[in-house]
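In what follows, structures are represented as structure tokens.
Look for chain A in each of the two complexes below; its partner is chain B in the first and chain C in the second.
For the complex of A and B:
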């Protein structure tokens, strides 16, 4: 704003302007209406001392943000705004979580049904749950990447060491959030992942069994266990996380700021450029605007992803009497599952992860390298690379196919008619599953509908392979598809073979139910005959 | 005359400072008590091996035989099986991380679906990350009147031999009539309240 219009004003307009100004000052931490306009127009401050800085003193929300940032610390490729996105996702979790709590019932009898109701009978319920789940998984990724970025730029020097440690604690809290939220839908995935997790707690020296019983609430997870995880998820962890985030962010904002890129601090850079990189940038208005734009873009991206690309998984109702085949940890815990295949829980489930965490927390004190430049940190970067590859390998070992050999007939059924996963017959559209009896070796896959044919051909190939390598001598396989009720078909797979020990014919049979995905319960959970799922979805 | 430089640590303690320490000790004791009470309140009332009570597995005549398939009791989370030397009741929970094992009838092994531990017919650890054999529950034989005539030795969990003399002898020592009654009418019970930990592997 370059010039004020100094035309004489009528008493009415003067009082109206004064009223507007008072309202602006009350709402915007002392900034006048003119100042707010100047902010929106990108003009310099209207007064001295700078009323924007005064707002940083008077307003709580602005007080916890720095007044100025060093220009280079705001470069997108320096931080990728990962810390910002972590906080953004935490807020998304809080908001969607509060809405989900309106419907969720934390009892074994009510939990699964309440999720089902949320997904089918509540406006936007399914999107809400999808966003909550998607943002949770993204948050784990973003927090981990945030830590990786801080490591790669060596932004944990000096006073930032303690900030790094609070960051490690926040990483643990994020993982605990994800883990405690895992049990709440009370499906098979949830129940057995948490059974394994609480059994790992048993491996803690001295207090292990008590800790396990505390988490489970009984010898096996039941009503008390579910309630325990629910209260962890909605009360204890949010309180701790808010506290820790406060400490973490306060240090960044008040004590040391965001680190400068290493090349600005110590690289070869012309002095003028360095001066420009170090110059102060006001938070108001440009950085705030930038953050609002990022938040809006991220919100839209989340909602679009939840609407069209992502469905929060929901397996069959938890069955405490039966562990599903191919139980799989969430991707961010696959490395633990891989470790656990190597040994007992005290060593692999407790000692090694704790040691890794301790090592991570101590990184600032172990790294004595004075330089932050990549080319002068070959050892640190190599170790980081090795660690990442190690996590990749362990995660691969954690996948269900590694180290677990199923009996041949069970393995074939699991590929064709999996207990839980949306694969094989479960991935075939409802309309392409004609009622009939299909016999391997007699039915020609070419006569079958296009989506069904490859699945059946795959069955034939696996049966032939098992016969050829002697696992299932004289194997015969039969698939029966029946109309079971409106919008529901039943598939029965029967595999017969002669016992290698000569004990006569043997058979294996599995039955699964296939709901009509185009019906009103479009994204219904997978169901298997062995599970005590809810009765089939009503018409 | 002493100089008035302050030493790094003062050795004398003033009354006020001493009272301050006493106060801190009291505060610590109070916090510890409150914390313990909190933990006790949160702690579930679970006893080791406590499960679902005693399961009636039917008449002895119909009990599993050597070479047969194990009989699953889902609600009790155990199998009743005869791996060769008599009846054992194997707890289904894998001794690694508590997933429930499946019976692999093609290899005659118990297999954990989570991390791939494998156990022999008698529950002995064969392969995988588990550190001990499958746990066992106490198997009991009761006569038709409900008298327990034989049960697994809780000290070693050895298979309970049922063919021939074992139950009859045990009964004879207590009741003359029982020796004459056919053992086929005896009932097999499994007491899931008494868990016998599996032997450590290797």
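For the complex of A and C:
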């Protein structure tokens, strides 16, 4: 600040100013203290040629950014900042991922416990995991939307064709990242989603089974499979992604820039407006400020979401011997699961997705339309619409409930208390589960505690519906709730019916264990016992 | 400088300050969340342990940990929580003792009441020693067993379920279901019941309803039938194989129905 006063300078203050200036030049990529001050204040450059352009030469991180953007290419509604957010989320993933590696143990015996330890014993550990998971799913969505935007604005013309192809590869890498990370918590959700996913490799002609075993490390996923996915997730894919992102990003930044909106490029507006839209805007300082605002605001949003609105799922420990009733693919692969319900693995699981991918990569070479304006691209836009609807329909068909019918009694029991989700009976507060025998058709839900009543009413409704449509003739259902230990109740669901084929009475019984998740359990001894249990002889 | 740019400049400062505030302000929330997850983990362990106990342990230790005859000691009694460690001179905690016992099994009885003639009394349950359970499952089972502490020490009492007394029609219906169970589970392949099956490997059950009460002194007919199903070798009828391989898997309600049916014979 002393450098800017108008008073005559003493030799000492001059040397202080010179020192400050030297420090500024060293730290701010060649910009003087005066220049840095003007930059921060939003004043025009202090010198000619613009010393801020010099910073783009001297600093590596500014050097990979363009010095200027065409004004129209910075319009929010042109890009929605989707490319920016894709890179931002990739950085979030890298940072949270590295921190998570400090606590994660990539072995079947240690993985699941290390996730719980992260959530119970590491301050901010749960936020770290939630943000990593949330940002991963957002990244899949953002990258896909980024590609959709690029298609809709036809921003893959000319030199951008190759950039588009690197983008398609990055989309595939993003999906592989999400999928390889899926296994790491080593819970039922992860284990079975990846078992189904890796069985897709079976469908590859000739090398299928070998490829599958290579991926899984054995016939079923075990220690080697977990290690394989872990190293894919933290070493191989990051290296490939850094390589591809480097190419993709540098091409956008230095070779061809962000495309102009079609109506600016093709002169579909008054000439004066067009000139204004094409003028150059400096990256420093206003665009950088804009990016800082977006990045910090998005960081806040992610942390707030992790704290209050989003819990990364964690089901029970992976068990190769216990297949879940309803195995779920991650939402971004539901369309493949939908395809698989239509045909065999080789055609539906491998051939069609690969063909779609190849088609996607070749889009710039198939589209010979000279115009980028929407009204002159009816065919391309119709195809995009059809593809989107197709993905929507296939994803719906891929959901667990579509086209797969559980036996009626199993279905009723699953809706009453899903195996893994905190829903139905499992969501009722412990205190609102009074001990007793509740008989469908005899017990009036109105007499039950408020949280339990709708669950029981729903059970009664489903039993009645199954009786009415003949799946469970003469169904009789009852629910027994017993105290088992302090903080632990046992619910027994019993359904009896006459076999529709006339083969006599049938029964279904299931026990559901309902612990009090609100605390007051004796704990400590059991957990600390685990480590010493294997070394100390009983007596 | 445009108006928008100056606005964003201010905004940049605001969000950065907000982020810094969030980092500090969130710490009490973080501590609360950790406690919530600790409770959830403990609850999940106990529920997992409960399922494992019901599947693997109840035939020797009783569904409520009350112990079964001379097979397995009670786990829900005061002595287990208060005196067991002292009696044994075990240096660690009860949790370590329970966990180690489940993992490694027990080759000799530690109390003369229970069987222990040098043969294995309780098999090793840890996968490390050839058993079926993973380390996390042993931890969960341990958590479940230790959770009996409150009731064992009388700190808490549990409310019993009031079951309605079954009417004669219900009993008749149950016996009908039991008849189905008898046929479906393949009991008839070894046991004869007049008019239903002709198996000869196991004892004839045609009059078991009348005989059951006299087989084992002190055991009611119903309990005798239950025991015979759960532990086929607990009592042997003269003239039949000594190593019985029986033990179909029945649910509780199926076993109830089967016993009701056998009692009508």
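Please note the rule applied: the second predicted complex is superposed on the first by the 496 of 539 C-alpha atoms of A that agree within 3 Å, B and C clash if a C-alpha of one lies under 4 Å from a C-alpha of the other, contacts with A are read in each partner's own complex, and residues count from 1 in each chain.
Going forward, a residue touches a chain if its C-beta (ideal position, glycine included) is under 8 Å from a C-beta of that chain, and two chains touch if they have at least 3 such contacts.
Computed from a predicted model, the values in this text were never measured in an experiment.
Trainee: Check the residue A:224 against both partner chains and state whether it touches chain B (first), chain C (second), both, or neither.
Mentor: Only chain B is touched by A:224; chain C is not.
Trainee: Should A:73 be classified as contacting the first partner (chain B), the second (chain C), both, or neither?
Mentor: neither
Trainee: Just checking: does A:259 make contact with chain B only, chain C only, both, or neither of them? Give me first, second, both or neither.
Mentor: Touch partners of A:259: none, neither chain B nor chain C.
Trainee: Given the superposition on chain A, which partner contacts more residues in chain A: chain B or chain C?
Mentor: Here the partner covering more residues of chain A is C.
Trainee: Which of the two partners, first being chain B and second being chain C, lies in contact with A:188: first, second, both, or neither?
Mentor: neither
Trainee: Please indicate which partner A:504 is in contact with in the superposed arrangement: first for chain B, second for chain C, both, or neither.
Mentor: Touch status of A:504: second partner only.
Trainee: Check the residue A:327 against both partner chains and state whether it touches chain B (first), chain C (second), both, or neither.
Mentor: A:327: touches chain B, not chain C.
Trainee: For A:174, decide between first (touching chain B), second (touching chain C), both and neither.
Mentor: After superposition on chain A, A:174 lies in contact with neither partner.
Trainee: In the superposed arrangement, does A:214 touch chain B (first), chain C (second), both or neither?
Mentor: In the superposed model, A:214 contacts chain B only, not chain C.
Trainee: For the complex, which residues does chain C have touching chain A?
Mentor: Where chain C meets chain A, its residues are 1-2, 5-6, 8-9, 11-12, 15-16, 18-19, 22, 26-27, 29-31, 33-35, 37-48, 50-51, 54, 64, 88, 90, 92-101, 103-106, 110, 126, 128, 134-140, 142-144, 146-151, 155-156, 158-164, 176-177, 180, 251-254, 257.
Trainee: What residues on chain B touch chain A, complex-wise?
Mentor: By the definition above, chain B touches chain A via 39, 42-44, 46, 48, 50-51, 74-75, 77, 96-102, 104-107, 111-116, 128-131.
Trainee: What residues of chain A sit close enough to touch chain C in their complex?
Mentor: It comes out as residues 42-43, 109, 112-113, 116, 119-121, 123-127, 285-286, 289-290, 292-293, 296-297, 299-300, 303-304, 307, 316-317, 435-437, 480-488, 490, 492, 494, 496, 504-505, 507, 509, 511, 513-519, 521-530, 532-534, 536-539.
Trainee: Going by the contact rule at the top, pick out the chain A residues touching chain B in the complex.
Mentor: So the residues of chain A in touch with chain B come to 192, 195-196, 199-200, 209-210, 213-214, 216-219, 224, 321-327, 337, 340-345, 348-349, 403-410, 471, 506.
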